[in-house]
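Next, two complexes with chain A in common: one pairs it with chain B, the other with chain C.
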Partner chain A sequence: MEANISINYFAISSELIVVFTIIATIFFDLLLPRKSKFYVALVALLGSLVSFIPLIFQWVNYENALVLFEGSYIVDKFSLILKGLFILVTYLTFLLSINFIESDRYYQGEYYYLLLSSLLGALVVASSRDMLTLFIGIELASAPMFLLSGWKKGDQKSNEGAIKFFLLGVLSASLILYGFSLLYGLTGELIFSEISKILLVKNLSTSPAALLSAMLILAGIGFKISVVPFHSWAPDTYEGSPLPVTAYLSVSSKATGFVALMIILTKIYPESGSSWGIVLVIISGLTMFIGNLSALQQSNPVRLLAYSSIAQAGFILAPLAISGISGDYEDGIYASVTYLIIYAFMNLGAFLVVNVLINTSGSNDIYEWGGLSKHQPLTAIFATVFFFSLAGIPPLGGWFAKFVVFRSLLSSGEIFGITLAVIGAINAVIGLVFYARISKIIWMDAPSENITVTTKNTLLSPLKVVGFISLAITFMAGIFPNLFSYLGNAASLFLNS
Partner chain B sequence: MEIVTNNFEFLENGLGLSLVVFFPLVSAFIVAILPKKQELLIKLTALGSSLITFILSVIVAIQFDYSKAEQFQLGSKLSWIEAINSNYEIGIDGISLPLLLLSTFITVLAIIYSFEHLPEPKSPKGMMALILILETGMNGTFVALDLILFFVFFELVLLPMYFMIGIWGDKTMRSVAGLKNEVETRLYASIKFFVFTLFGSAFMLLGFLGLYFRGAKTFSIPELIELGTSGAFTGTFATLVFAVLFLGFAVKVPMWPLHTWLPDAHTAAPTVGSVLLAAILLKLGSYGFVRIALPILPEQAKAWAPAIAILSAIGIIYGSLACLAQTDLKRLIAFSSVGHMGFVMLGISSLTSIGINAAMIGMVAHGVITGLLFFLSGSMAHTYHTRDMGRLGGNMKLLPKTGALLGFTAMASLGLPGLAGFWGEFMALLGAYNPLPGLNIAIFRTSMVAGAIGTVLTAGYLLWMLQRVNLGEPNEEWKDKELHDADAYELAAWIPLVILTILIGVFPKLIFGSTNDAVISLVTKAFGG
Partner chain C sequence: MSVQPFLIAAAGLFSIGIYGILVRRNVVMVLLSIELILNAVNINFVVFDAMLRDAMLQGQIFTIFIITIAAAEVGIGLAIVLMLFRNRKTANINEFDLMKW
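This part shows the complex of A and B:
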């Protein structure tokens, strides 16, 4: 191999900016006196915002996918969209964190550079096209989260959640690696396109070893996206983590896992779709049911959202599962990514609401939140919008997300697709019951006697920004879903690159 | 007329209809950002915008070309979601026009009534905004000519109605099977309403997608009607699609046995909520049958018609028997809706132009009459603080104006000839006597007989209700109480409905003039009859 690797720095400028921001936050954290650690947050915010800019240039000047590092790293429209999503979600998480981290008198710097490192991992995943890069990306995205989920050091639940998360995270990493090692043994290649070519040529696509590797990788990533039966850590970890971290876990970490799954399934195993498709169909159906039925019984808002996000993962997985069976990957990816994007913002919004309402009421029991709309009218409106959007009620964005999923499930006319669509429809109704419950409590119930509302009625302005951005995207997605039409194109480019 | 056609041409290309749909939504936003303390301003803004919407809909009705009532008119088609070929396609024909007018009209009355008569917590701001959002959903459903657009509007009504019932609804406690503690009626009723309807419409959406994939990948209702009438949808697939569409629409109508949400929701809702629910929301379901299910899936409609007729007949008998068992005035009226909508569905199931015309006039008449009944019962419940008919009595002496109106409306509701309720019932029975050739005559004639028995029972429970509530001597407990008869706001909301009841009763052509050609065209195209 020749040594002159020329790197297209323009293609990876977002990643580079994030790297510089990480270094900058470490330095600022070391240099600044305790009083002005606040600036670390500003650096992180600014850095994540700046890292968005190259994406715009790359998008506007897009001609062909940029191939780097011998095909290991590809910048195409698909990855640009997802990188944009990851950066925006991280930015909003920072905004959510500002008052949260401050209020606990913790050190600041680590928090920001850990979150930025996780972002870097997510960015790498979106572009990676070989096993090493992908694995490094996945682990870079999740390892900082082990630390962040244990951020509340004095809290037993936080410790418990973090330990569970860490142990299962290690297990999942080893499962993925085991799967990769099998693949490497079979083909002797690292790059996905080569692996898939060799599997096809040697007629190994449906060989037991290849399928075993697929199942191992699926199980490993199943933990990251917390689908049944790999979901049990999620409620505990979500409950123990600081809320902004939980929001990030349930949105960005989940999205990273899904992106990795999409890339692996369509780039390595496109030929054995009918095998893994059926497994995913079962997982998806179970995930919806178990997530929703468990959420129905929760009184803790964070656990409720944890189970809700498990159920939502079932919806995101469904089109992928069916695309494996029907072979129409473009439609499946379009539906899953559309759902993922809309889900990201409505779920962030939901976490914002929960964050504010827990602070206002001082209670972790939603049944104690009666009549909070009087104290927090704006938050109550946010709650209505985001929770009903999660339930999929038009004209809020969630309906279009569910709609594209149903459309993709029914497009092939296969019995599996129809079954999953019926399961999805039933689950949409189950979901409504607990999503509507929050609105019911804060708008309709009488104020609880045990609660003394402490904080003032105003929302902090960073939180307002998060709320309004998520609100705007939720409404736009529902009323002008045409915004997502470019995704179809991006999906087809992604598959053919 | 001349003035309108000459001066408002710019409204003809879909703008008029779009304004009828979205003007209330914009007004709802304005109402929402007005300061809470400016109650009068809020109320006047809401009233003004609902009036403007009503006037716009009247202009549309004048611009409408009644000689071509079977065609979709005054609409437009704009690109909306290209990726799935769903468009912002709107328009009205003779079938949707009367319902659109009914919707804009009732909304004005609901807002007038809400000026002074809001239950706790008052908050006119919230109520006005919700009514206006609801109006957008209702009007939108009647003008939408794209299945996805239809679905979005169809669902848009859920949220405002949910909050209306849940916030302003009945606060008495009730026990619910399966729950240990008693819950407030409003909370139980609101979520039950929401869950039932969403259950139906979630499956309905799957049905729409089925039509999309088997048809020409289009959601356009006119295009799908063309495809459907030319026999594009057949076999098990079409049967399944009809089944899920049936589920979606029948929950909304509601047809027996999917009706159980209705008595709870109607009884628990605040007065304006019940009025809007009965007058308009129920029509979304029956309208869905006429607009979508029948013309797009004619063969399946034929196959299902006897089943629909039987369910309708059961609904009529069940509704009236349930009414006879009620002690709660509002619940009685709620159950009467099950019976009346049974007649509407019986008319539709006959698949003849007489039957569907009967359904159309029946829908409007039910909207007007039952709307008024809910106004009256709500107002009485407010005055007496009870809806228990055992404690009421002598209403004519205590509240002469309300009592007289109640007597009149009950007569209209039982189908007295000369008033609006007559045509729908009479013609539905006529339609069922002579259904579309090829349908099982025995089933339809049996249903007709059941319906006829139903009319007798309807007369029975309404007269009994009048006897218990209106006539006789007032109960001891009201003797020394200061009771207020209808005030100006109430009369302003009620009198127009009384006039409309008489007008439609005497000149049914007001409705048929619009619907007849459209219905005949539908029946000819879909069923060749």
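This part shows the complex of A and C:
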């Protein structure tokens, strides 16, 4: 066979820039003397910023989806939005990390190398349209995170979180693979569009083998997005990891899993929506309840945010689940991705606040954070905004996200949609209890005697930048929700390509 | 050629692997169980590739990728296990219980 390969380098330029940055970070780490390793961080920051630029040109140039590598890889507006999200989140995580990594004995250049590798995996997932590419993307996104979650080598909690994350992560990957192997056996194809065509033509969409593969893939990705009953690793791993890594795990890793789930469900199984839809409805409802009820009892801020992010995953999943039952994928994907994007920035902000307050008070117990607003007024304002946004208070971004989800659930007219909307409304109230409790403690409670507040400046300037960017996006999303109409068009293009 | 025996063998390996993950207490044995599952997947891909007479050998190519990734993952896993063993002097999963709820 004569191979005739011509590669459109412009279409994959932001991935290529990330690859070059990865190589550059590892080289700089090798060559620089121990004192000036700071430059590794600068290279990583610069590289992730530069990799954002091609996305803008691609956005302007590609009105329709561009198919690369014989259908395996697609560049469309939907994937560009998600890539932009991944790059921005990684950039903010770098800013969160700089001082954190430096403040420990753990300051090492590989940190940036691993985080950038994970970013590359996420970028590949957003564009992938065949099983092999998608699987490599998922693995590339999650394998570096196993190592990063165990970054604090001497800390037993970090070790324990890492081994739990690793074992369940690899198990989930093998479940996904078993599902893929069944699909390959059924259809003899790896590319999603071909698979769904053959499933439709041979009338296999609801055959037991196809549904078994769908459930195996669902279970596997369920681990990645930490929905109930696959959530048990998340609080432990989040608690053990360094805080910037936790922020990245709860935002970017989760988003990668959701993107993979959306691509698989709508590109391979669009015809069997009524089967996986009901499973997702149950998972989504359970996730909201168990996440929120567990978060209520937490006094450790990181575990609280871990359970809160589990509950938020239930909200992200809900419109997708209902779209399977009603068949209106466009609205479901639009609502899920809108929630995902707004959630990403408010959650990053929440982790920033927790990071600063733990450093200020030296305490891992939120009930000892009384009166911290006097020492950290700006952080207290951040805390109020981000936690109220997570709870869904207008005019913050979290309100618009919840609004879109509820609109999608109710407009479907399905009985399941209305049930999920009721469950969601109950959970929004439960969530408000623990989100508002933190603000109340910081602003109103008397200072605790068990802690000694550090006089050092803990809200360093890179952290301030993260705070203000997240703040700006959270407010913009709430006040100018029209911005998200682009996403609606992108979602319809995504489905029709 | 009947593919059923091969598929049943692969499903058996898959089940043994899941059983091992649930029951085995030693981390290294759990890692081995995960390898069993991945090899079940490999058998599936190769058998389906042969059954379908795929001209592009997609199943076999997928298998090679899985073998490579499995090797990388075991590398990561053993590094984490080694780190744990240094700090705890044990590789028993039941004793990793610092964090609950």
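In this section, the second predicted complex is superposed on the first by the 491 of 497 C-alpha atoms of A that agree within 3 Å, B and C clash if a C-alpha of one lies under 4 Å from a C-alpha of the other, contacts with A are read in each partner's own complex, and residues count from 1 in each chain.
Please note the rule applied: a contact is a pair of C-beta atoms (placed from the backbone, for glycine too) under 8 Å apart; a residue touches a chain by one contact, two chains touch by 3 or more.
Note that the structure is a prediction, hence the values are computed from the model and not measured.
Enquirer: Does chain B (first) or chain C (second) touch A:E160, or do both, or does neither?
Expert: A:E160: touches chain C, not chain B.
Enquirer: Would you check which partner chain A:R407 touches, where first means chain B only, second means chain C only, and both and neither mean what they say?
Expert: In the superposed model, A:R407 contacts chain B only, not chain C.
Enquirer: So, A:W443: does it touch chain B (first), chain C (second), both, or neither?
Expert: Touch partner of A:W443: chain B, not chain C.
Enquirer: Looking at the overlay, does A:W399 come into contact with chain B only (first), chain C only (second), both, or neither?
Expert: first
Enquirer: Looking at the overlay, what does A:V170 touch: chain B (first), chain C (second), both, or neither?
Expert: second
Enquirer: Once the two structures are fitted together, what part of chain A is touched by chain B and by chain C alike?
Expert: No residue sits in both footprints.
Enquirer: List the residues on chain A that touch chain B in their complex, please.
Expert: Spelled out, the residues of chain A in touch with chain B are 334, 384, 388, 393-395, 399, 403-404, 406-407, 410-411, 413, 421-422, 425-426, 428-429, 432-433, 436-437, 439-440, 443-445, 480-482, 484-485, 488.
Enquirer: What residues on chain A touch chain C, complex-wise?
Expert: Touching chain C: residues 131-132, 135-136, 139, 143, 146-147, 150, 153-154, 156-157, 159-164, 166-167, 170-171, 173-175, 177-178, 180-182, 184-185, 188-190, 235-236, 239-240, 294, 297 of chain A.
Enquirer: Which of the residues in chain B end up touching chain A in this complex?
Expert: The contact residues of chain B facing chain A are 79-84, 148, 151-152, 155-156, 158-159, 162-163, 166-167, 186-187, 190-191, 194-195, 198-199, 202-203, 205-206, 209-210, 212-213.
Enquirer: State the interface residues of chain C toward chain A in the complex, per the touch definition above.
Expert: 14, 17, 21, 27, 30-31, 34, 37-38, 40-41, 44-45, 47-48, 51-52, 54, 58-59, 61-62, 65-66, 69, 72-73, 76-77, 79-81, 83-84, 87-88, 96, 98-99, 101
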